[in-house]
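Written below as structure tokens is the structure these notes are about.
We just call them A, B, C and D in the order they show up, numbering each chain from 1.
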Amino acid sequence: MEKLTNPEADLHKASILLTTHTVRVRYGETDRMGFVYYGAYAAYLEVARVELLRSLGMAYSVLEKRGIWLPVRAFNIRYHRPGHYDDLIEVEVGLCKRPTAKIEFSYRLSARGEVLAEAYTELAFLNAETGTPARCPADLLALIDAAYSKASSG
Amino acid sequence: MEKLTNPEADLHKASILLTTHTVRVRYGETDRMGFVYYGAYAAYLEVARVELLRSLGMAYSVLEKRGIWLPVRAFNIRYHRPGHYDDLIEVEVGLCKRPTAKIEFSYRLSARGEVLAEAYTELAFLNAETGTPARCPADLLALIDAAYSKASSG
Amino acid sequence: MEKLTNPEADLHKASILLTTHTVRVRYGETDRMGFVYYGAYAAYLEVARVELLRSLGMAYSVLEKRGIWLPVRAFNIRYHRPGHYDDLIEVEVGLCKRPTAKIEFSYRLSARGEVLAEAYTELAFLNAETGTPARCPADLLALIDAAYSKASSG
Amino acid sequence: MEKLTNPEADLHKASILLTTHTVRVRYGETDRMGFVYYGAYAAYLEVARVELLRSLGMAYSVLEKRGIWLPVRAFNIRYHRPGHYDDLIEVEVGLCKRPTAKIEFSYRLSARGEVLAEAYTELAFLNAETGTPARCPADLLALIDAAYSKASSG
């Protein structure tokens, strides 16, 4: 296992696009310590990156209809403070760089003014039919480039 | 977020103790790609490290009864191949080093003769009552030392 | 268990209070049939009844801070059509009757104009400290009565 | 939904075939009450009925490979006592009757000598390709009949 560096030394600097999505902690996501179970964060990250794609104009469900899958290849998370039941967790999600055959996201999760966790995921574009690697679709790249150029000049 | 290196370059070399636990993939752990959902692996790792502790003679539930919690502080995973429904996943789990205020585990998950994923978790000993950091209990350390010395001389 | 009647033929008639909450299906909640896993609906119901309580002016988290727990005692669900990834599921939730030592909710879940499922849950008020049954707190009853009288006269 | 009868007063009488499967409660399946989350039981039931089918000689994964799906149509559960972390839950599962286009199971879940819950599920045979109802495959029926006749004469 080669090194799993986590590139989000500075989420804002490290990201070419950044959005925020809020999730409320469900009861079943807590454990008997009274905290959010460490495995529950995977769903929060999933929701946040899907909403980033949707905000660009490309729902992930549309990608799938076109025969493209995006399985997660790597997932790193560091927990700083526990999340609690009913917390409204702000998930800031940034696109780390222009996607190629993979797409990388960085995340910062906060609640009650405090950072709960920082995370990173790497996903791979996959041809759903053949199961072989694919490249980021041209129209998604165009949407990313347009949003980036708008954000940069904004 | 400082660097999140993943120390299991070689799980067998890197671990002072190593056990294997098998989990069968449940239907609800798959997603509509037909693969095990990336967030489902957190539970497999949890089960494997709990069984490693139990095999040493210290059930995690006993630690909790004594007022010690072990929340996860960091979790890294790299997915090599998809897991499938009904797979019997072998989770090899190794203790990375002698625990101090934290305890680190490395994992390799395999099914059908192939490595599915490699992972790493760092957990912190916590005083459940005060919520403050604690150290690994002396009797758990003694169990680890005994098992290590037996394994080394074996 | 022979007969599975689905008595909420008319959720609107059967409920003294009714609200709707929308949840979006997460990827991890689907299974490899491509449908929402049958066990995932429990979380949708939980979120909907919690939001009904919140809309009355009583967050469930506040009840817990006051030492009252609401464990589920019974849960019935009938699935009419599969839910899909990214569906926006409308969860209509109704309070079946004025709560006593228990509180009962009925649900109808719909997406894309079709009913996906109908469900029922019964929860018990519990003294968190002693683990003994409790009665619905007076202020929650007052909030329910006020909302009901407003809805009836509306 | 007024009456919640729990008709499986006698699981043994009500079932034509009966097996027991044990599951250990995972940490992530508990909630902050310290109990097993009510939605977590769905997975325990799934595992138990799948193991009943496997014990007959028909893995559910094999059914799926042959193009047959078994989505859950109805699910009823009554919770008698809370489950706890690390509990070894015995799930007794019985086939309610000879399957037709649907297959029905009853369950009793116990731990530490006490009944935790009783449940019922109804599943429908579905042609995976067309999404239309199917009947229980002849070879599965034959396996059920053989096991029943062996159990009856045993």
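Everything below uses one rule, namely that a residue touches a chain if its C-beta (ideal position, glycine included) is under 8 Å from a C-beta of that chain, and two chains touch if they have at least 3 such contacts.
None of the values given here were measured: they were computed from a predicted structure.
When chain centres are set by their Cα atoms, the one at the greatest distance from chain A is D.
Two chain pairs, C-D and B-C, are weighed by contacting C-beta pairs, with C-D ahead.
Averaging Cα coordinates per chain places chain B and chain C 36 Å apart. One inter-chain figure worth recording: chain C and chain D are separated by 24 Å, centre to centre, where each centre is the mean of the chain's CA atoms.
For chain D, residues touching at least two other chains, in rising order: 27-28, 33, 35, 37-40, 42-43, 46, 85. Across the complex, chain B is touched by residues 1, 3-6, 8-9, 33, 35, 37-43, 46, 69, 71-79, 82, 118, 120, 128 of chain A. Taken in their complex, chain D has these residues touching chain A: 27-28, 30-35, 37-40, 85. The residues of chain D lying in touch with chain B in their complex are 24, 26-28, 42-43, 46-47, 50, 59-61, 64, 85-86.
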